[in-house]
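Supplied in structure tokens, the structure appears directly below.
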Amino acid sequence: MMRLSWFNVTSLTLGFAFLYLPMLILIIYSFNESKLVTVWAGFSTKWYGELLQNEAFLEAAWVTLKVAVLSSTFATVLGTMAAYVLVRGGRFMGRTLFSGMIYAPLVMPEVITGLSLLLLFIGIGLDRGVLTIVLAHTTFSMCFVSVVVSSRLLTFDRSLEEAALDLGCSSFEAFRLVTLPIIAPAVISGWLLAFTLSLDDLVIASFTAGPAATTLPIKIFSAVRLGVSPEINALSTIMIGIVTVGVITASIASKRNVLRQQNEERAAAQS
Amino acid sequence: MNQSVFAPWDDPTQKPLIRFKNVTKRFGDFTAIDDLSLDIFEQEFFALLGPSGCGKTTMMRMLAGFETPTSGVIELAEQDIAPIPPNKRAVNMMFQSYALFPHLSVYENIAFGLRRDNMPKADLDARVAEMLKLTRLEKFAGRKPHQISGGQRQRVALARSLAKAPKLLLLDEPLGALDAKLRQATQFELMDIQEKTGTTFVIVTHDQEEAMTVASRVAVMDEGRIMQVETPERIYEAPNSLYVADFIGEVNIIPCTLRQTGEDRFALDWLEGQAPFTAISNRSFSDGQAGHLALRPEKVSISAERPADAQNTVQGKILDIAYLGNLSTYHVEIPGGRIIKAQTANTRRISRRSYTWEDTVWLSWTPTAGVLLEQ
Amino acid sequence: MQRFILIAVPYAWLLALFLVPFVIVFKISLSDIALAIPPYTPTLKDGFAAFVAGLDFENFAFLASDDLYWKAYLSSLQIAILSTFMTLCVGYPIAYAMARAPEEWRPTLMMLVILPFWTSFLIRVYAWIGILSSEGFLNQFLLWTGIINDPLTILNTNAAVYIGIVYTYLPFMILPIYAALDRLDGSLIEAAEDLGCSRLQAFWLVTIPLSRNGIIAGCFLVFIPALGEFVIPSLLGGSETLMIGKVLWEEFFNNRDWPVASAVAVILLLILIVPIVLFQRNQQRQAEEET
């Protein structure tokens, strides 16, 4: 067993302190009584209460959620299709362009994606609102979904699909009955990734949102420009809490699955 | 003999189940199958044997419908199968990786193909139960593929591909993933199931022992061509080429010049100043033609004294002894520096072995022991 | 038929919502600003001949002549390069220590690195405002320890931008390096030491070269988004922080000069093509090495 040297212990401690202290401070001070965010004045949950009274924030949160659910669902469908085409599509006209368009949004600065989509929506006379944000988010997050799903498809044993065909499936049935259930975990993590990206996005939403629809990040951004506020701290704490619970639950669940499978395989090999 | 031997390939009135007619398959510049013709008959257990890359898997995939021939025709029951997609063919395949659906139970895996045909529930249950019984998997019907052992997975794959009662079952290296002991037991199980169901089996393998054990006929392939199609005994005892002789089992190859001395007798000059060997062959060779004598090691006897009545004898020195438990192989250097392998059964304990390293011994064999092959 | 639909739907979507918008950006970058809706000229309403005739490279000439834009591009490059280097210096020891940690800790450590990635980017940047401001926690701490007597001005300077970039992109640096180091066979180091290397020499001659692919991937993953970054400079940076993402935003939203904003975008894209192509090459080579 390798022992950790003092150097490694130090870099881990400092590294994770750097990663987590800012968020920890944010969380602690969301329970601060005082309006002055850097002076501790006793424990209180009053900012959470105020947050729940804030109509504008609640409205924006609702819009954000709607956009995230819709766009991540569309993105998952389109991204899975695109991944399938990339991995299994064989050759077709404009394949290079297609794969280019899948990978380009991953590295494209958000300002450019946002600007170009806005100019398109204006060009075709589409009113900016929930619809335009959903279209924009679907476009860039479908690329992330397709990267996640295609990396799973690359390791997928192709003979499973051939076996399904051999046993009488049409190619669509083979996808529905065999491929999809097996790659489902990757599709679900693709959906989660798209959902988070959509919840998180400020820049593209700012370009494509109209006065009719404002998302939470836009609201937070305009509030934060004026400085730190305990209400935003409270909001951030809630968001961090949700993500933390989600990620930890997911990783524990997947670890349990792996362990169970390993145990069963061991038992099967011994029988 | 009142019980006729199963040999439809010798009966000109029999119609083959599968017929390859001048089939060629190219992948880009690479020719996987080169103008190949072959008949396979109903109820045969047919083995395609060859090294990897010889085209045997391509042939199987063309039968299953995953590849189409570049030219030529493949017929199943006298029908061209080219236009029939894999899901409509009365052909099922057992995959090398088994390709069991990991998200479905053993029962559902076996029922998968039947469900595609919308078989009524009662019939389906009965058919799956029959398959489970045939492959002795009744206890495991509810398990998932990762919850059973490798040998059980192999049987699930077999049951699944047999469930639809295909006219033809293709087996791609079906025993490749099993360990040696299990493989032997499974070979006999496969033969038993093939006999019970009466299905035509085509098996692809690179393991000659496996092909010899299970198959009614073996096709030895190399570089997209079939070198020889024969029963296992004939392949072993009467190979038609150096390639086949060398590929199947161990063999001594002795280059020589042929002289006809009788109706089917030949004298073989193999080294200047040495007495010629004698061999019997019903093939015809011209005098002075160069050829090869292919001689299996177990047909060469070894003795301390020159055998009085043997027609082919040669003296040599033991260089090496490979002890294989049941057999010992002696590597004997004969005049001219050639090394001949001779095999003897170890009927006695090794401590009483008759010969050892550096001993001078006599090798002998009968005129019919070897096979004469052309250049 | 099924295959056609499968290809056509995502293809058409990307053409319409990814490629066409770029063509539009490119086209507008060649147009002139106008007091109209939309605020540029010419449009296709003017007829095709007039439309083509109305396009010119004026905006690019303008960008070249005004040194604000030159400086913005150069300072974006400078900030992106420096902060990438700083992220590497912070990230490498963490990734190294993770790869050396006991086997049973590693999944947890991995999760701890990934967790911030799932947390809102905006919130993570925001967290630093309270720390870096003149009455923020960092200054309070430094004053308390007596290292300084007067509060430092960090917020709204380039220093804050560097800290923000290092902080938010750190997981992107750690993960590929960790992946490379994790695959590294420990006996290679032992072999190097056995052959007479000191620990430091073994690290320099074996560990670093063998984690090269991870380092390169991590650097690109930080550099590429940092170059076009908008949120960090606008929240943590000051008025003297010039980054091209911010300039584009202001040109568009504050000055409402769409043609110049489009031209800025086109140039930014041209600058990005080189690192993106290099990154793709690196990934491809890595994939080939693995097979």
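To keep things simple, chains are lettered A, B and C as they appear, and every chain counts its residues starting from 1.
The rule is short, and it goes like this: a residue touches a chain if its C-beta (ideal position, glycine included) is under 8 Å from a C-beta of that chain, and two chains touch if they have at least 3 such contacts.
The structure presented is a predicted model; accordingly, all values stated were derived computationally and were not measured.
Following the contact convention of this document, no chain is adjacent to both subunit A and subunit B.
The chain closest to the protein's centre is A, with centres computed as averages of CA atoms.
No other two chains have as many C-beta pairs in contact as A-C. Taking the mean Cα position of each chain as its centre, B sits at the greatest distance from subunit A. If you average the CA atoms of subunit A and of subunit B, the two centres end up 55 Å from each other. Averaging Cα coordinates per chain places subunit B and subunit C 61 Å apart. Averaging C-alpha coordinates per chain places the centre of subunit A 18 Å away from that of subunit C. Partner subunit B is touched in their complex by these residues of subunit A: 157, 159-160, 162-170, 173, 177-178, 181-182, 261, 264-265, 267-269, 271. Residues 1-2, 4-5, 7-9, 11-12, 15-16, 18-20, 22-23, 25-26, 29, 37-38, 78-79, 81-82, 84-85, 89, 92, 94, 97-98, 101-105, 107-112, 115-117, 119-120, 122-123, 135-136, 138-139, 142, 146, 171-172, 196, 199-200, 202-203, 217, 220-221, 224-225, 227-228, 232, 236, 239-240, 243-244, 246-248, 251, 255 of subunit A touch subunit C in their complex. If you check the complex, the residues on subunit B that touch subunit A are 64-66, 85-88, 91-93, 95-97, 99, 101-103, 112-113, 116-117, 143-144, 146-150, 152, 160-161, 164.
Interface of subunit C with subunit A (complex): residues 2-3, 6-7, 9-11, 13-15, 17-22, 24-25, 28, 38, 90, 93-94, 96-98, 100-102, 107, 109, 111-116, 118-124, 126-131, 133, 135-137, 140, 167, 170-171, 186, 224-225, 227-231, 234-235, 245, 248-249, 252, 258, 261-262, 265, 268-269, 272, 276, 279-280.
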